[in-house]
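One structure follows; several queries about it will come next.
Labels for the chains are A, B, C, D, E and F, by order of writing; each one numbers its residues from 1.
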């Protein structure tokens, strides 16, 4: 059984359907904070690998790749903010703008540092956004 | 509670940790078939919106965006095939190559058509890959 | 004499220096709303050329290129919002978030339409942002 | 008042309208050497920040970002050369080709060095191009 | 035997080594006009398939893909012009600039048309450039 | 005479036409392993230049550019594997999947190393693929 099937089966058993949402400007209607989160996990892994290594070239590659992954986090969050969330959502969640502003700023900070705490902060800010996102799907 | 939190809570209760995996060439170790699946859902949504519309410009935009989304599916699958799966996995799953070859070919077919059956085939091929993927994580 | 020189000469004569600002995540410190505005002008031109033509292929190319230009507008605005503006600016301009949210949403709307009014709205929203931006430079 | 507004107000008072020009292959008719100049300013800032820092990782990031910004300069100049300038312009400005060739070569040199003189040369070459450009707009 | 081997074997027999040349800004020293030519062949094929089809969606896809392929032609030619050719080459081939200007303009024209003659002109302009290129390799 | 002309002339004399093939998802029908090979040559040159230099910044640039070139190799090979080769080819060449899997894995390894042997292995794996490719064209 596939992951989605496994998850759906488990969640269905709890009567909460797994709605996996969408992300383009058609709009196709498919959005999912998981895209930003996966990139943020990669950012954290780049930091951890950077810190654990003493190979200068490998550390340089960690920086190169982390730079790209942070940019991907920012992009996925920006798309979610502008394209998915609507005026009604803002009324319901007045901190919506600040959550996204801070999370994208943290993704920028993660380019400039290998401090895993920054990656952890980024992950928890994305989780907070995901919580709002899934609340709108109920 | 966010999706990840919900899933973790439910899965924790079943003593199966949710390992969300990784995707760059560092390698950072983070891979997840969910990236390909989300894009494939978007492909399907583009087809459905194309079929439901009679606005020529909108239909053109469906084609433009579907073209990009299909390419994204292919890219995510190729990365998974080359970067995540190892020789030992191939021994365990001798159909590994064919699964990826067929799924990426289907993503190519989805550029050329608005037949939702092709998108459904793509989704089920990605689910079959996800099943192998998660089996390697046990 | 170059444009910048001409402008500087004219502005200098008025004792208002032309500070052209910056845009990457180093951060290099160079930001300028002109980047978003140029793309928005291109969006408007795509619409106008679309409306003035009756060549189906040319109109399709207008849609393809407008899609890209709108995305460029969004990108430049998102970068400005997250990277340039700071918490102190937000205190000074409490409508900062809404300005960017609305302008990026309008850029998304401009993908979906050839109504020149939408491009004009986009341009004036970018001008409003530029006004805040240049106010912070004083 | 926004920059564009300020400039227009000042220039209007001098009866010289500010024509901001264009950049895609529709062609949309919007070209502006300012796009190349902004990227070149960013190149210079990357060099300055590189020289002022003794943090090895930060210096690496300067190199990564400068590489991209130089490429952006080249791209904007190439587009201007091929798409905006016409055979009649070449008759009027026989050094047109050399100006662009040299400026794009300088942008390549700026990838290979942190010598601010190279960035200054790049900026003045772009200014020379901008001068031709604006002369054609009169 | 591989293509390169086959070609080398044949060419070796004629005492003319096959030097395949290079294309990045390191510079790595690898340039080859074949990159532009392959994309131009694709441009021509897009036109031919467009002309032979009466499926509106397929024709739209021809336009989308041709737009990208033409851009790739331009990019490969620009890189060759700026990065490979040096001042000494220009002395030897005074028409160097015009060849590249015209060829990149033709690649722009090929976006705007499905006239196969334009693609043929583009191919022969690239061949003329390749001739200069290979002359410098002797 | 251009390269293509020279090659065609030589090959024609041997009654083996030079078919230069194609690479997009239209499909335009134009594929050529030369695209992957050129990038792999660039990868090798990046390694050689890295090894021959003792300028830390230059070595960093070698790593940045090699990272991109390796990615380009992978992309060109993936496209060839999924888009050009068909089920009938697989019957004829049962090792088709393994050749591509190994070659793309080697391109990934080349990101992680400056060992020229890896680049040589990559080149010979691409040559083996080119051999199959050209065999299908007979």
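The rule is simple: a contact is a pair of C-beta atoms (placed from the backbone, for glycine too) under 8 Å apart; a residue touches a chain by one contact, two chains touch by 3 or more.
For clarity, every value in this text was computed on a predicted model and none was experimentally measured.
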Partner chains that chain B and chain D have in common: A, C, E, F
Interface with more contacting C-beta pairs, comparing B-C to C-D: C-D
Separation of mean Cα positions, chain F and chain C [Å, integer]: 41
Computed distance of Cα centres, chain F from chain B, in Å: 26
Centre distance in Å when chain A and chain B are each reduced to the mean of their C-alpha atoms: 18
Contacts with 2+ other chains: residues of chain E: 25, 60-61, 64-65, 67, 111
Pairwise touch network: line, ring, star, complete, or other: other
Touching pairs - complete list by chain label: A-B, A-C, A-D, A-F, B-C, B-E, B-F, C-D, C-E, D-E, D-F, E-F
Touching residues on chain A, where the partner in the complex is chain B: 1-7, 10-11, 14, 16, 20, 22-26, 28-30, 32-35, 37-38, 41-42, 45-46, 49, 61-62, 65, 68-69, 127-128, 130-131, 133-134
Interface residues, chain E side, partner chain C - complex: 59-60, 63-64, 67, 111-112, 114
Contact set on chain C toward chain A in their complex: 25, 27, 67, 70-71, 74, 78, 81-83, 97-98, 101, 104-105, 108, 111
Contact set on chain B toward chain C in their complex: 57-58, 60-61, 64-65
